[in-house]
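Both complexes shown next keep chain A, but they swap its partner, so chain B is in the first and chain C is in the second.
== the complex of A and B ==
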């Protein structure tokens, strides 16, 4: 019904995986490619990509960060792409910020133009940076998701956790203060969600590695609130959020006496599952926390060989 | 200096304005250059041409040297011609014309160094001298039409209207809503003395209604404004209230009789805290004390209609008139006072404060209504589930001093928050937390009020609140609203659980301010408030004579200041309409009258 008023989605997407999706966030890469395949939307990896410029570059040397990001955008532009999908929120933000700043500040534009000229690349002025959540919401839409559902969700209620970078400061992915698009997509797929007031709070980011007590306290807040509101799992759209909440649960349990052990899923994993994707193809076997629940929901044994 | 035997005689006066002009160009050279121009019989420079001793010098020159024209090279005539023109007017032997050269604003060469600035100033003065030669001294002004229009009948508009009416002017008082009184009508008590708001406002409202010199029109909008010679021709559209104001006695029998047995529609005046029927009285002491019918909710206007028991109940009085139509009235007035007030900040722009998401988050104006003994709760303060709050947070600067919403300080909210803190504590015994950025309490007995609250045991936490949320870190926070804030005095992030949150909202220009500014041809500040050309010199907006402003439409201000400004605007309007001498201030700023043309 809504598909008539919606413009036809492009035939496929070019995406920028970034380091996370090839490392600790490999499940995101697997599930995203699988989900887009199930939706009939080919997802092509950007060739010869490099670091997005996030991590500590932005704080230490902005120019380096902008130039690194711009090189990825320039490669996409040379391929004739009009948009580049960035699944990792940190990649999304730095790429989006580079586009913004190159228009807003002549000095940044000059730096990028010079660096691109030296590399024989065009100044990337035609590539729009997009996040998979926004692509799924705007291009695919709830109606098409609902029409593509193959499995009934047998699990419990989930908390949609958006994190900070996808919605701040740019509000193109979703509303800055009260994002709801993930909730709406999951509702269309028949997955019940809870009201989760901390949905844009800090996941701890890299503090879990640097000032671990602070980082893990932030993890703990998110997990406790999800449990308190009756969620049995958390769904995220950022590999760092997913990693922080998944990996530190056991330690947080030991320290605080909390009892939660909940799966931390990525949006394409849970959507891919109800759309008929296979467990391994969606990287669901890589889960660290909540394996018993996942096994129950997905009807498979709680495997031990996660990263085998 | 060539003394001309015949022809016009011109005097040129170049102002130093301290160092503001003399520091950027050579005023003596400008004066010396002017002295060489034809017909210029005297040319001087002076430290402050607007000063009393300079005016006396000018008058002496005019009389002794027989000047016909005076050229003053100083600053904007819009601001400063006015004060010293009357000092010349009528006090010289002959009529003179006055020409003001605005060196402070019209000499951009000031930025290119003194030499360029001096050359430009000489050219500007030379041009003024040539303009003066083409000018004949004469009378410029006809009489100003009597009568004053006051737009907006909050406390400022009422005050201005009463002052003008008491002085003998006829006043048209035009109000958009069905009742006059404005925001003040919602208040129970006012700071700092906690005196009764109604005891001040109610008699003024009644006086405005009863005054023989005031024509009061509610449910009315100004729709067009035209300028005529000495008058504004203003079209006022009176929307139907479906009850005849002359016939209605305020008996409320129509309300009783309405087919709706229960009041079930959210009442706009009480911000939806109270309910009303389609036919209702805005509040018990509304002025005029005449019922009003809301077309949107009244089923007499819906297909099928109803049996119109309100008409039957009104009986022979015949006040209920469902066929009432719109009426357009045209009036002529000499001056206008704009007192259109403010709009409270829309809290949906700060979603992180949870208004609309958590039921026990209120705005400060809602709490004012709840505290009001004749308000929707009869003065009771309760949570939405009926329980009494044990702890209340008051969040300051919501929609004020914030680059993401409104940058300005709304001025009144520190004191009104303190007032609410005191009243809420007195009514409920709850523990009160104020979250503030800076405490701004300038005013008579304001700081003393703050000190008294500190002694009362009200808590003050310095920091802008990050969010209001319901996520609990420990059992003490369970089921409560948590204020997350950086306490900038303790340098720590705090979580303060409370039962009720009051958002102290800032003041904004009204939605109609843009349209009104366009209608009356006046300026607005970047913030959207009506702009005065110079807030310390003239109480009227720039560009249009005879338009004066009062109250919060010119910027946030408390009752003291609104009432004071209303009095000042009324006095200005009165001087403008009744003024015996002064010709209206024109942008060219050049005509001076003298006794000679009065004789002619």
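== the complex of A and C ==
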């Protein structure tokens, strides 16, 4: 292939949204783009990306599951990108696992090589898979976050909920057993957090939609623990965790007599807010639970305090 | 009265070997039955066989018991077991392998929602390259429990009002490229 006709590699971060961020998780897409804009970091969407397969495809597709994910890595590599940022924890894990397993298992490597050759794509051996939490922590850093804050957080204390697939089995995004990076970033931004021991316990994932009672039980535990520990909101990094904790609170209240109505925020939403982002640009209008509290905290425009 | 104990003649050690040979399952025979996996699994409370027991059953080759269990479908793939296993067994990968086996051997209850979701998800991705959450859930509900549509309608309307329910059918533009990559496997849709 003629090297002089190769397009310019992307200037900033190449970003894999995944199916959820274009559907129920659209607020994550909006807030991530807004937050990176506020930090002056270019973010470009991977062109013509396909579904990563998440957990459902992997449950059926033996030979093709890694190939499916690999096409995205191959597109990134063909663009000259060395990194791909995946906000959805499931997407992050599938892509990261594909890279790992293509090294560890000759069988997987062979499947990907043959599939990419059929499709006319390069074998993706040079793309590093990253997550926004780790990008914010390592590339931006707490000091820069603190220096970019525009608004004092006037809301309540929050519980940082990491979920499972971003921190297990790979510990590159944060520590598997005791992650703290989200807490540290929020602390740098002036947002108080609580001690939340269940911060990596599974929310139930897609089980909430299939075996509803079991899924809701898991969600109830997370919400009640947050409330018990003094949090008024939960901040998360996975769109499915956000969805589960957000959408089922009304039913959990009906069934258990619980009284919480907690805003479930995504990390870029809360960070983006204190860094001066606008409510709609951060997808904050899309919340289902905790709207009253959010309206109070985000305030009418005239009442917003500037960070002194 | 049903016999509660399995005889050795009913075990299939050949099957065990095929499981252990899959990527991720190679350390399965190192299990010491410590039960840490069952202890950390948030779903173990609801399972017919806990993770520890599933590993034991796989090792002994009791294929039908394993593949007909609800356990493999209740696994949420949270990797807590794999992260804590003192023998570094990739238990989650074992569970994925067992899910695939159960589907290929058609050993799951027909209207059990989780394998149905997996099938609808898989088919949509193979055809279009992307998932439309609305259509996957709709197909799942129609296949497993159509009357649930009424109770779900309210949640659906709320999501729609917040702009979080995308009805459009998404598709990868260069779908031929994806299909060429996915072809050449013997997977059945």
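The working rule: the second predicted complex is superposed on the first by the 287 of 308 C-alpha atoms of A that agree within 3 Å, B and C clash if a C-alpha of one lies under 4 Å from a C-alpha of the other, contacts with A are read in each partner's own complex, and residues count from 1 in each chain.
In this text, contacts are C-beta pairs under 8 Å (C-beta built on N, C-alpha and C of every residue); 3 or more make two chains touch, one makes a residue touch a chain.
What you see is a predicted model; the values in this text were computed from it and never measured.
Asks: Of the partners chain B and chain C, which touch A:197 in the superposed model: first, second, both, neither?
Replies: Only chain B; A:197 stays clear of chain C.
Asks: Have a look at where A:35 lands relative to chain B and chain C in the superposition and call it first, second, both or neither.
Replies: A:35: touches no partner chain.
Asks: Which holds for A:238: it touches chain B only (first), chain C only (second), both, or neither?
Replies: The answer is neither, since A:238 touches no partner chain.
Asks: In the superposed arrangement, does chain B or chain C reach more residues of chain A?
Replies: Higher number of touched chain A residues: C.
Asks: Applying the document's definition of touch, where does A:71 land relative to chain B and chain C: first, second, both, or neither?
Replies: second
Asks: Determine, under the contact definition given at the top, whether A:158 touches first (chain B), second (chain C), both, or neither.
Replies: neither
Asks: Should A:228 be classified as contacting the first partner (chain B), the second (chain C), both, or neither?
Replies: The first partner, chain B, only.
Asks: Which holds for A:120: it touches chain B only (first), chain C only (second), both, or neither?
Replies: After superposing on A, A:120 lies in contact with chain C but is clear of chain B.
Asks: Pick one for A:270: touches chain B only (first), chain C only (second), both, or neither.
Replies: neither
Asks: Please report the chain A residues shared by its interface with chain B and its interface with chain C.
Replies: 177
Asks: Give the list of chain B residues in touch with chain A in this complex.
Replies: Counting only chain B, the residues touching chain A are 351-352, 469-473.
Asks: What residues on chain C touch chain A, complex-wise?
Replies: So the residues of chain C in touch with chain A come to 22-24, 42-43, 46, 74, 76-80, 82-83, 90, 92, 96-97, 99-100, 103, 113-115, 117-119, 121-122, 125-126, 129-134, 137, 140, 155, 158-159, 162-166, 170, 172-174, 177-178, 180-187.
Asks: Which residues of chain A touch chain C in the complex?
Replies: Per the stated touch rule, the residues are 19-20, 22-27, 48-51, 53-64, 67-68, 70-71, 101, 104-105, 107-108, 111, 114-116, 118-121, 164-165, 168-169, 176-177, 200-202, 204-207, 209-211, 214, 218, 247, 285-288.
Asks: Using the touch definition up top, name the residues of chain A that touch chain B in the complex.
Replies: Result: residues 177-178, 197-198, 221, 224-225, 228 of chain A touch chain B.
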